[in-house]
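Written out below as structure tokens is the structure these notes cover.
By written order: A, B, C and D. Residues from 1 in each chain.
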């Protein structure tokens, strides 16, 4: 298979895993990770689209980098929240889902 | 200048309202000065215009809002009929209210909303377009709520709630009617007839029904009348405002506008919606009187009497003929004068003699002669006995009924007259012929309370005795009919 | 604008008593209000005597007032005004009694209305005047404020209002049919239009109540005796004539003729008989009034020439009945036997006139009527004279039985002279107007036949009457038919409150809201939302494709 | 056009200053930034109104390579509304987050977060590039989440986490859509895409983006995170969260469906959106009826009010695109958004004052506060008038325009939703009004100064003024209005 489709397939797989994690897990940290997985998958896919027809489109790269920064800050905030909550209540999941978390 | 006259008239009560809100509780003098000043100024402006408009003039101000929303203020004969009524009665009620409340708390709020209420009524009267009518109509609804709830006790709040419970759904119906109509015809101005051919008769009937639903609540048409008797929990000046100056009148006026300026009498007849409305109004007339018979509280009885009397106006409008219309328009004023008299007196009995129940009236006549005379005359007028104003409306409505091929209207009028007598005469009998209970007290050394009542009575008397003269309400209504301000 | 056009006097005749009524309300006059009463009818009287040409209009008043006179109006108004004047003088002894200010005020209002009925040329003015005369008179009825008076007042006001309403409706139909308010036009239109019969029926009811037409007369035997003597005099003499004149004005000739004749006769005889069960002389007189008015209604029903002469009859009856009532007052005030004899004598004389004894005004009046009548009607008329004679003999008997006042009251000469004047007018009136009214000359009245006609009924009547004095009928309270109605009480129907109820809707709201809150907890679970999101995406995709 | 840059840069600079400088100076700087940005917003509105739409190609790069910022009527209207709300929230926060009253962290964190939020909002309103919009909306969400969590209580943190899940899921869906579009067309510039030749993935992309933005706008059934989040935050924060944040994602939706690919709009999809809106109106209102805490009532009312906005899609898009009433519907929806933003902010600020006095926002504790603080009560009442849609408020104007469009297009159902929703709003807003108005025990703490009470009153008055003088805003919104919404009725 071509590098291009490899990118695409990997991206799709990552998204799938992330999606599963998002639904299946209650622990907030896992969800943050899952979000990152989906994000990375999308970025991979995005990068792949930049390389259509031989000529490489620079725009996706630029956008991906921005996106990664954004995703990173989001994750940071998420981690911060869960840590703070864990410190206060000892729980790392949402109250309505705490049963068995 | 003349273009601004409508706005000026509006401001005479709007400005005092706004300022009053920010006055602190203790500045009675300034507040009263504001209210009275505004009222007097308004009456003065109106007197000026009465002559101009009688001469055929008409003033107009347009404030364009978003497309389709035309805020049009227009002073023609019909508008002036209503606005002069409300302005005059407002002046009386202000004098009365100032004396009635004295130095109670929360007066800044009261008089603020009071003036706002009248501003809304003025706006309703002057509205030259359907949407501006609706805007002021809603403003009236909202500004009335705090007045009904003024005492802030359980009863008042309950009354205020039921008022909104009736008002808001009905105004929703009204909005639907307006939007439905205007989405087909574009903005509706009262001056030029909208082209209704775009809508099929069935939708037109539906729209008409929605309009009646919307206005009928304010006009207290059965079964939308429940809020009115409940609202008598409010202080007497508010009752006067509800029953004579503003609220029910606004509803009736709306019906008149819809029938004559939106649909046009011809179209109403063609759609066959006039007679059903007349039947509904007649049912209300009878029902209100029957219910009034059962009340033992003076103001409650008066309230049901209003339910019955206001439908005279609706009946006149629904008959959609010249005589009926003149009768209805005249009764708009007549009922206002007579009913405000009665409520003024009821208030005086309440504050000066502590009497709220009919049984308490025994023998008050000789003790409070002025009040009781006014009350008696007002009641006789309501019954429709000459020469009080009531009988004039009755004659015109009766002939209007015959002229519109609805002879049963006469039966309704006859029945209503007898019922009115049945629930008013016992009061007069108690006032003048029964012995007062030993512990009864009461005097009327409160000119500021009595004088407005007397003036209103004289007005009602004059409106009847001088009915044929041009200055009388009847004369003005005839002028409106002849000039064709309403089609 | 013009306040009035045409001669001022008719307007003045109305406004003047109205002003006096207003005057009585002023504290300054309250004490001496009664003193104003004799002045009230003077302009009207002058107007009747002097007469007036042309029509008076006051375009600004009411719905436009038009006033005028013709022969009948002038005759009746003259009688009315004169009677009111006499009664006003008779009321003088009341001065200083309680409530006289109110009494005087409404006396003047009633007078205004009574005059107005005869002057009005348009329907609205007539209606207003009629309403004034019948409603203001209520205060004259209840003046004494005794239990009897108040009960009479209740009956009176109920029937009067009913009369007002049916009158208003009838007049409205008439005005609509005529397309105008001119009375002549309305009468013609009523005859022509197909709504006519309804209107006529209503008018007959309205006027019938006032004239005491059987069976609408129930209030009259209660009210007339209950009022003070002067008031009774005007009630029975003048005010009932307003109703009669209303019939003459508005009923098309011959409309409902048979009905009117039947009811009239029923009243003429029935009331006369029932009057024999009364012990109060005023009540007896009241029934006699019902009887007499029945007679006149019969003539109205008969129509034609007879109808034309009714005012002539009314003229006599007004004065006579006024005189009789005043004589009752005099008798009540008389103390020594001589005075009582005088009263009885005058009463007998006037009664004879009412019964139509030859050469009396009554005889003349009846003679004037007869030419216009069928034989049957003529016979009925004569027979009614028999009934009248009987009841009047009974009246004289009851009058004599009145208790002695003990000491002679004040103003005795006045008390006696006034009824004498009234009686005199009852005698003289018909003679005065005989030629101008009937067109016959006196010879006709003095001829043998009418004398016989007038004589035999009285002759026939005397034996049974005297028998009654010996074996009198069982005595009943006044108000015949009303006695049947007693026991009905006041009926009150329980009525549902039609106003909308919200409580149910409120509860529904709350229930719904709680259900929502529960469902909310379910949606809160991310597992649900996280499946809903993709579902939404797919649905949207499907719809977009 | 310099105003465009200032609107983005000034708040950021203020945020940095607030972080960098010591507390009192930082606060002053932040307040200065607020004032300046407000000024800039008004300047920009004037520019758009009188000189037309300023357009800025960042760094001189033209699309598809570069990113453009354009200020059209919609953006300036939203920007000015934002500025008003922000300024009021800032004034309220001067006391709510004074070092003494609030916790140390909150007092420090509020200002940068608020300014960050602001600049993110301006980015969203101004930019015409889908990815730039992504960045904007993401930063917006992060700042908003921070504000939700600001007082550091456990419940607030939980609310923030919940919010975060929905927000991130939404942004990822949106991002996926962006990727697809770029894959298909090689550009993300809205105007270029509008002139593209349709491609297969467009539908999927639109579906993904719409779903994601709905989750961020808290449209039913993805609204559950909103009430706890908005009710948990301090009043000034709630004002911004409830009044402004949902408008951003809604604005993007408008741009997507009316500017970017109006051609893709199918009646089915539009109806689905409007149905969700309808459900939101009913659900949110009933939810509000069930609450006993005022802040929750107000928050649920936001859920309901958001529902209205989504009724515009079938009325101005798809088959209705370009027909006479479309302009009315589109403008009406924006009017609703604007007036709701102002009114809702006013409500939350008023509630904040009451909580400060009564110590809680349970209805039972608020009895008789109208006597104590008439101005705030009046402000609440005015806002209620707007939300119910009674004249003469901006809410009414919007409602009227949308309803007219509904009747004109024969889609009466949506008009019924409008009217019925108004009644429901009246129902759930009446309860607090009645409680405030009832005669009751006066609360202990002293009421805030008249000046502070005036702030919510001003906001509420603005929301009413929007209706009284609706001609001006209407014309402003006509500038750069999408072709789908042609002038008509």
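The definition used in the following text is that a contact is a pair of C-beta atoms (placed from the backbone, for glycine too) under 8 Å apart; a residue touches a chain by one contact, two chains touch by 3 or more.
It should be emphasised that the depicted structure is a prediction, and the values quoted were computed from it without experimental measurement.
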{"item": "Chains touching both chain B and chain C, listed by label", "value": "D"}
{"item": "Closest chain to global C-alpha mean, per-chain Cα centroids", "value": "B"}
{"item": "Length of the line joining the C-alpha centres of chain A and chain B, rounded to whole Å", "value": "68"}
{"item": "Distance from the mean Cα position of chain D to that of chain A, given in whole angstrom", "value": "27"}
{"item": "Euclidean distance of C-alpha centroids - chain C vs chain D, Å", "value": "79"}
{"item": "Separation of chain A from chain C, taking each centre as the mean of its C-alpha atoms, in whole Å", "value": "102"}
{"item": "Set of chain C residues in contact with two or more other chains", "value": "524, 526, 530"}
{"item": "Sites on chain A at which at least two other chains make contact", "value": "22, 94"}
{"item": "Chain B residues counted as touching two or more neighbouring chains", "value": "none"}
{"item": "Pairwise chain contacts under the document criterion", "value": "A-C, A-D, B-C, B-D, C-D"}
{"item": "Chain D residues within the chain C interface of the complex", "value": "162, 165-166, 169, 173, 203-204, 206-208, 210-211, 214-215, 221-222, 224, 264, 266, 268-269, 272, 283, 286-287, 289-290, 427"}
{"item": "Partner chain C, residues of chain B touching it in the complex", "value": "162, 165-166, 222-227, 229, 287, 290-291, 293-294, 385-387, 391-392, 394-395, 398-399, 402-403, 407, 410-411, 413-414, 417-418, 421, 425, 433, 464-470, 474"}
{"item": "Chain D partner contacts - residues on chain B that touch it in the complex", "value": "21, 64-69, 106, 109, 131, 134-135, 138-139, 141-142, 146, 149, 152-153, 157, 160-161, 164, 168-169, 171-172, 175-176, 179-180, 182-184, 186"}
{"item": "Complex contact set, residues of chain C against chain D", "value": "509-510, 512-514, 516-517, 520, 523-524, 526, 529-530, 532-533, 536-541, 543-545"}
{"item": "In the complex with chain B, residue positions of chain C that touch it", "value": "1, 59-64, 124, 127-128, 131-132, 135, 142, 145, 150, 157, 161-162, 164-166, 168-169, 172-173, 175-176, 195, 492-493, 495, 497-500, 502"}
